[in-house]
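In what comes next, chain A is part of two complexes: it sits with chain B in the first one and with chain C in the second one.
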Partner chain A sequence: MATESDESVLGGSTSAERRRAVLEKLNPLEMPIRFQLGLLGIVGFVLLPTQLYPDQMGRPTNLLFLMMFAMSWDVVSGYTGQLSFGHAFFFAVGGYTSAILDLQHGITPVIGIPVGMLLAGVGGLLIGIPALRLRGPYLSLVTLIIPIILAKLFTLFNNSLPVLAPEGLGGRNGPGLPTQLFGIDGSGAVLELAEGYSGIQQTALANYYLALGLMLLILVVLLAVTRSSAGDVFTAIREDEDAVAAAGLDASRFKLFAFVLSAVVGGLAGAVWVHTVQTPSPLGILGQDDIQTSIDVIIMSILGGTGTIVGPIIGAVVFALSAVVVGGLSDVIIPVADVAVADLRPLPLLAAAMATLVFAPGGVLRANIRLGRRILASARGDEYEGEPIGGGDSALGQIIEKYRAELREIIDERR
Partner chain B sequence: MTSAANVIVTAISISSLYAIIAIGFTLIFGVGGVLNFSHGALITIGAEASYLLSNPTNLGLHPALGLVGGMVTAAVVGAILYLGVVQFVEDEPVTLLILTFIIGFFIQHACRVFITGTSDFSVDQVTPGETTIAGVTLFDIDIFIFVLAAVLIAATGVFVSRTKTGKAILAVSMSEKGAAVVGIDARKINLITWLLASAFAGIAGVLLTMKQTGAWSMGTQPLILAFSIVILGGLGSIKGSVVGAYIIGFTETITTSYISSSLQGFTALVLLIVLLLVKPEGLFGREAA
Partner chain C sequence: MADRSETRGGGGRDRRSFLKYAGAGGAAAIAAGCKTRDRPGGSGFTTTPGGSGDEETSEGTPVPQPLEGNTIRIGSLAPQPDSFPIGKSIWDSMQMAVEDINQNGIPGIGGRGILGAKLEPLSGNTEASPGTAREEFNRLVQKEGCKATFGTFLTQCTLQIFNPMKATQTVHITTAATGPKPGRIVHERYDEFKWHFRAGPINSYDLAAAELEFLNIYADQLGWSDAAVLIENIAPFDPFAETLKPEVGNLFDSVPVFKRSSSGTINWTPLWDEVESADVDINLIGQALTGTAAVKQWANQSRDFEMGGIHVPSQVYEFWEEVSGACQYVFTMNAVTPQTENTERTQPFMKRYRDRFDTFPVYSGPITYDAVRAYAKAMGRYVLDNDMEEVPTNEAMVEALETYTFEDGIVLPSIQFTPPEADFAHEPQWTLMKDTGVPVWQQWQVDEEVTDDYGVMHSFAPEQNKTSDYTYPDWIDYPSDHPANQ
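Showing the complex of A and B:
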């Protein structure tokens, strides 16, 4: 690959050389095209609010949170291959903790959010430890039902949960609207902004840029972790756990680390979510049937490409754009069924996810990088040989391999 | 006030429904190694088809025809799923897992968009009315469900252990290569299994609607319970599924009737997690199907 050779420049001999190499690497003009496009995307997100009215800001802000959730899924499921079907559990733990602390204990979100994040991390430990013992389908089941159990707990402790939540968890409606981080003057928010319309404007902007900042922070942290040697171990676990053990590394410790990291990230995003643009309730956080959000996160990651961290961001954009595009077609009626295209949601998106799974298991990101390389190569007049196409080499392909081996073990055991 | 006898009858009829759902799920897993997460959607399909056929506001046919129609529709959709999608990605379990999940959502949302919307719907019972046996009043529909499920379970047992096709199903689930060596067409066996499992899911969907009400997302809860039951009983074991179904069905009914109705769908899942941590291979994990 052409990009690979650029990266070895980092190891200069003197510190001056090294610094120059780093600076060169950070120079946008010298970057590979895919990084330039990424930077352009970030610039686009920074400039986006200039094109929208305050009341249109909700969706893009929500989108940023979806990105964080999808990234947090990717770091554990995309990298280590431990498929989680109930990641919204962590978002809910973060969100509910912070909301309840605020509403029923009078603790400001500024403290509540870090506490929610920590508690989600504890949740990650609690699920991560048994996850080390459970294989493929069993882990999927456990992660699938944990958010459902959580939602039942919300209903069970509807009116009161001694000490922790004296006024209860609020059942299906949620515990109520917690203090917002930003609001107009006199709204009681943590940070009160201007009055009237300009206050509404500022609130929308503040929420958006906070989410954007948080998303970029999470992106940088997760990229740093997954591109470090720990990330290599994650990938190695996905590829061949025995090999990791044979190299003298404790695979379970890394898996646990991935789980907790993912949970902390998800908890943080979930906690900030309920203090900005989302109401804490089972439907709001966990989604339809208490599993929709978890599945949406998986769909986004698959659309963009699992095991990349950047892929889920792109997947989330595709996810949100498709909702906007399809939702905009309210005047287009499908002839025979007499249903407006807009009412079809989420069918087109689900169909797109199915098609991605079958035809481009590496995700949209990888497919486009490959396409881009081919175009560049043909522009140079070379023939692009490319990487082998097909499941085997992509992250999803490796997760599949791992899963298959575990299924085989389970089936063999029965005989 | 619910008497103990009534609780037991409800538990039996619900468990019987769970059992036929779980048998289908476990058969598909045993034969093709596929965890079919669209199984819940097939329950919805059965229910929606019977609604279209036998609800008075639609065709208004006899409920029995709705039952048959629900079964056939679900079986056809199941066969389409296998022939159109599953057989092409059969050896990629994760793709398949997520794919069947998404297909399940797709089908359920399609039912919502095109057929019933978000409101609940009902279907007339095949056997309306009540019967009093030894001083206990029972709904006829509960008796019907129990008898039908028992017949179906027994028939499945006989089919799998006595008939040639059934034995072939067992053979494929034990070793696909071995089955191929003796000339069994695994693809055909897979198709038969999908037909059978989907038909069962369809029947369960219709009966669930008759007993309670139907809704576009009605398949999700039974799907999760079926998955739990199958894991509880040991993946791929028919006997395990039946036993697991009764354990889960009874736990659920007894806790919801005697402790609190808000416990619905809770105790069974907690029980399952505990069991998974203690005995991950399931109750009948080491047995052949």
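Showing the complex of A and C:
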């Protein structure tokens, strides 16, 4: 007879019971509404291509990569509170490594992508180690500068970087056009598909579903890590690093782990990106002024909700939708300024991010979960007793508070 | 046991059902794929049976019209085609070229359209972003059915459409970006990327060669013996700076300053102090993003040196108004100016453009106008030479563009693309400034014979495109034997 202590957390003493419990948890009809909505979102992503033409598939495919980048940022900045302002550095290391291995060393992307991922991990280690000695504002400054230094290196070693990139890093125009993972018949891609228009359709689909599969894989891995005891330590570091140390845990090791994990994820996504829908160049990967992609990723996470992993995905969708909606308002003129709304991009999005910071620092995800709970409570005739919809103790609030505290310490030391 | 077996059985069924439905859903989605365009294949034109009607030219010579009944769509890939001067010039000039061809036929052949085929222009806005350029290229080719595209300003944007170009086998003719990489890639991977051509401007290595040639001929004549070089630190200027650096010292007594200035420079006073204290005659610049502040501060501070080189803002007609005339005396290389007569067709084009759009185009406009007409003429000649009655395939268009020389240009008298074996393939053939007449050296001047209330974009070099002498800043005190006082 099984005792209570023998029973697994899933509620069963035998493997059959545990299996049954798992299946019950996986049963969509038994899930909480927020999980059902999440599943519906995934089904939506799976079915999205059926509503699009191949020439319209580029934006959603890019969006999936942005989601991966935002998740990679969230695991280090959203969870541990170590604010990184230059996360695109990792995407670029992954992307450039794989592209240069392909173009200048003849190494197939099938090998180049994992190598790019690993090198990005090394990059995470190189930034993570000094990060252990730097407090919030200083770390943020370092991460802000790093992608700019990287962009300068691209120009400095434009024509040659001995051994590593004999033909150089390609300056502002990038090292060239790496082999595509998917392409039409005769295109020289790793996997050649049909010829003609069918090939174009299949290529668009293959790129999309590869990106979707990768995004879901990263989501599952990051959810598993952040919902494990390691994730609890990440959160504890954000909330009170001294308490973590007092509990006998080595916060430095966990911070380093978060940095490397984040870098590996970003590097993997960056490496696949350059072999599907992005050409490696500073403008393409790092964005405008070598910093725009890093900022976009932060905005997505803030919009969706930092410290949740799922939030950045929702933030990325909001980000993309707002770009489409605002971009479509080219005929709507603002009377006094005499400027089309579409020309104001990205101001409306930045305003939305500011509004989120002020009115719903937990992000769209948390605000909607709370709103849903209030509606359900109201439907049951109960009184909603949770945190206010927009406010409450959010991860972002904690990050900002941690940042403030570190700033205060620095100022006090100076005095 | 019974319970257990039931449980196992039930769990198995549940699992199988779950996997079955999940698998079926996924497979169905993938099998369904994405939607299919009516005009698949990126072949880029609506085809209706070709006719064989003939159209008479004004001289009464019958012009065969074997492509009658076809509509050929072409796309413009321009940054902000409604407002940004480089993008606006591309789109406006494409419309003018299409109207000319539809009304008067192919240059030198006549008729209407391309041997009867009507051209239809479509606009794409790249927003100077590589990702958007790719989106817009795919939209124009796959959705709108464009057979060819023209434009692209940044080389990163051009490169981003290389793979879609390859997949759809669509010809793209670059008319604004100067980076040499596309031409290099066409040379190295010809079979994959032979679809790319550039009608102009000449690439940045050639721009540097043109500047060296200009300095070699004119530096002494203009009284420049010592020079400073300040080139903005942005990608398009990289090959330019690389080429200039080892050579420019041979053309002057001294070059005490050779720097890449930051693309974020707002305060030019320290740099102008450095150049002035080096006691140079001429400050050679390469400026695109920082040019406005640089010119204002140079003029307002009455600096003791002349200034020019590649100054992108000065190529825009509205720049005079923007800086309230502070650009007077600044010179820049350009493809064409509102005053130059690169060919007999240049001024008529400029006047028509002015009448229609109430401004003058920047370099990307005339180059796009030439590119569209060169493309049309290559198609027409290919059809006639091969006695065809259908629109040539894109593969055939590559061959046509490689084969034929276009001799009705408004920037260059003739356009011939470099062959695949050239280091930079499918680029405009360019030898020397003094042979081809381009680039022209434009200087903002005051010329009341042309207009009494606005600056004039005169050209002082090369000789065949000269519209005025070089003028010297009136605040500099030159010695009596200086060319300024001759």
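Odds and ends about this structure:
Just so it is clear, the second predicted complex is superposed on the first by the 395 of 415 C-alpha atoms of A that agree within 3 Å, B and C clash if a C-alpha of one lies under 4 Å from a C-alpha of the other, contacts with A are read in each partner's own complex, and residues count from 1 in each chain.
Just so we're on the same page, a contact is a pair of C-beta atoms (placed from the backbone, for glycine too) under 8 Å apart; a residue touches a chain by one contact, two chains touch by 3 or more.
No experiment lies behind these values; they were computed from the predicted model shown.
Once the two complexes are overlaid through chain A, chain B and chain C clash, as defined at the top of the document. Of the two partner chains, chain B is the only one touched by A:Tyr138; chain C is not.
Contact with neither chain B nor chain C is seen for A:Met300 once the two complexes are overlaid on the shared chain. Of the two partner chains, both chain B and chain C are touched by A:Thr155. When the two complexes are overlaid on their common chain A, residue A:Leu23 makes contact with chain C while staying clear of chain B. In the superposition on chain A, A:Thr50 contacts chain C only, with no contact to chain B.
In the overlay built on the shared chain, the residue A:Met117 is in contact with neither chain B nor chain C.
In the superposition on chain A, contact is made by A:Leu350 with chain B only, not with chain C.
Taken together, the two complexes place residues 155, 158 of chain A in contact with chain B and also with chain C.
By the touch criterion stated above, chain C contacts chain A in their complex at residues 4, 7-8, 10-11, 14-15, 18, 25-26, 29-30, 32-37, 40-42, 129-131, 134-135, 138-139, 141-143, 154-156, 159-160, 162-163, 166-168, 179, 181, 185, 189, 192-193, 233-236, 238. Of all residues in chain A, only 14, 16-17, 19-20, 23, 26-27, 43, 46-47, 49-59, 62, 155, 158, 170-174, 176-177, 180, 183-184, 187-188, 196-197, 199-205, 209, 277-279, 281, 283-284 touch chain C in the complex they form. For chain B in complex with chain A, the touching residues are 33, 35, 85, 88-89, 91-95, 97-99, 101-103, 105-106, 109-110, 113-114, 174, 217, 220-221, 224, 227-228, 231, 234-237, 260, 262-266, 269-270, 272-273, 276-277, 280-281, 285-288. On the chain A side of its complex with chain B, the touching residues are 83, 85, 130, 133-138, 140-142, 144-146, 148-149, 152-153, 155-156, 158, 288-289, 291, 295, 298-299, 302, 337, 339, 343-344, 346-347, 350-351, 353-354, 357-358, 361, 391, 396, 399-400, 403-404, 407, 410-411, 413-415.
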